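Single-structure report; data block below.
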């Protein structure tokens, strides 16, 4: 029924984003709030919530075949990267660190147009972020 | 690390919501927009998008251990129910129909406080929606 | 250009929801996280975030002319009501209390089908929530 | 009560994002779906929905004092820019075009660190997007 031209690498990126959304949200709203201390330090807690939010957005853009998922994935990679670093500093958050790192890597590839497609092995013509910014 | 008091039935409901979010969003933005005709009829298309949106919200409430997930699951059940009916009328949308029906059923149980918990088998004291509405 | 059949009471409800979204989110992520103590107590903080989230959803449903905004507004009224109570208990959160109360009231009217329309003064045929729940 | 260090330019950007969210969502779900034809052409309609979604996200990041709003605003600027162009081509969507253009401009300034602050006139130390991308 549904014709989705989603390559394997994009499918992997969607899965990584949805997993990171779920992990960061669940950890922030349970573990972090219940533990307190550095876990509810504003900068760290904001990163957890914002990471969850943009991961959901990036997944939704890709599920919806957006032609402009590139810059969204680039932004998602940066937020995930910052969140992973913050989780490492706080400590005891290995699950989040792993989810954020996996999502950083697959979003980074998406943003750079390294989505190689299913069959052809040919790089998509998506330009890099800085070429496309309307600035 | 993460202490989540999520019962098996709530876990199932979260999974059903996230699956329904993904299925409805992906189908609306690809199959429906590309097929047109009854698939982009306003009432049907709105239901698809709103169903995806509230399924994500309901999942987020449960992942975040919300004390007020009951009325949200009740609302989600109603939207999923309406979306399933609309998809049946349009036809050729079996995947959405199944996702919406499964989500309707598990959200309905959550809303009615039929979440039996992990160990005790004792019904949660969540009151029914109409008791709790501040009206 | 845009033909929106939004009645004055629905327009008011949309405005109340968007104001409550903004107020709760901004307060939770700044005042609550920076103040700590009872402001980051899990139950209270979750209510703040979930209230912001469902207010945005309810506004989006009404902006998108959803046929099933009734149960969403009912759920939004209950979450806003609980959030207002929690903010009163914590204290020093008058802006949130007021935003949540205004949103509770206008969402409650929407859910009960008290949206009287612009010109006719005729009550919409939207049934009450308990009639329509697919249970 | 609430201490928000939001500069005037960031406040303007938040307002522009929330206005663009509302305008694109309301237009897509009403005018576009009811008019059909080029208004529900997949690429155009997706841009409308994705523009509404990322504008809400960008506003939420800034309302929540995110330290990583820069790349999100950069992505938002690009999506709004693409949406404005698409709306111009379709025609008869002046309100969307204006909302998207205003949002493109203020998000572009946020992303470039041109948020000059309220009093000091000193540029924030936010680096440009390409410096900060974890690639």
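As written, the chain order gives the labels A, B, C and D, with residue 1 at the start of each chain.
The rule is short, and it goes like this: a contact is a pair of C-beta atoms (placed from the backbone, for glycine too) under 8 Å apart; a residue touches a chain by one contact, two chains touch by 3 or more.
Keep in mind that this is a model prediction, so the values were computed, not measured.
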Co-neighbours of chain D and chain A - touch as defined: B, C
From chain A, the most remote chain by mean C-alpha position: C
Between chain A and its twin chain C, rotation from the CA superposition, multiple of 5 degrees: 180
Same-residue or different-residue interface between chain A and chain B, half as cut-off: same
Whole-Å gap between the CA centroids of chain B and chain D: 29
Distance between the centres, which are taken as Cα means, of chain B and chain A, whole angstrom: 24
Whole-Å gap between the CA centroids of chain B and chain C: 19
Per-residue multi-chain contacts in chain B, two or more chains: 29-30, 34, 42, 46, 49, 60, 64-65
Touching residues on chain D, where the partner in the complex is chain A: 42-43, 46-47, 49-50, 53-54, 57, 60-61, 64-68, 71-72, 74-75, 77-79, 81-82, 104, 108, 111-112, 129-130, 132-135
Residue ranges of chain A touching chain B (in the complex, touch as defined): 1-4, 18, 22, 25-31, 34, 56, 60, 63-65, 92-95
Residues on chain A engaged by chain C in the complex (per definition of touch): 29-30, 33-34, 36, 40-42, 45-46, 49
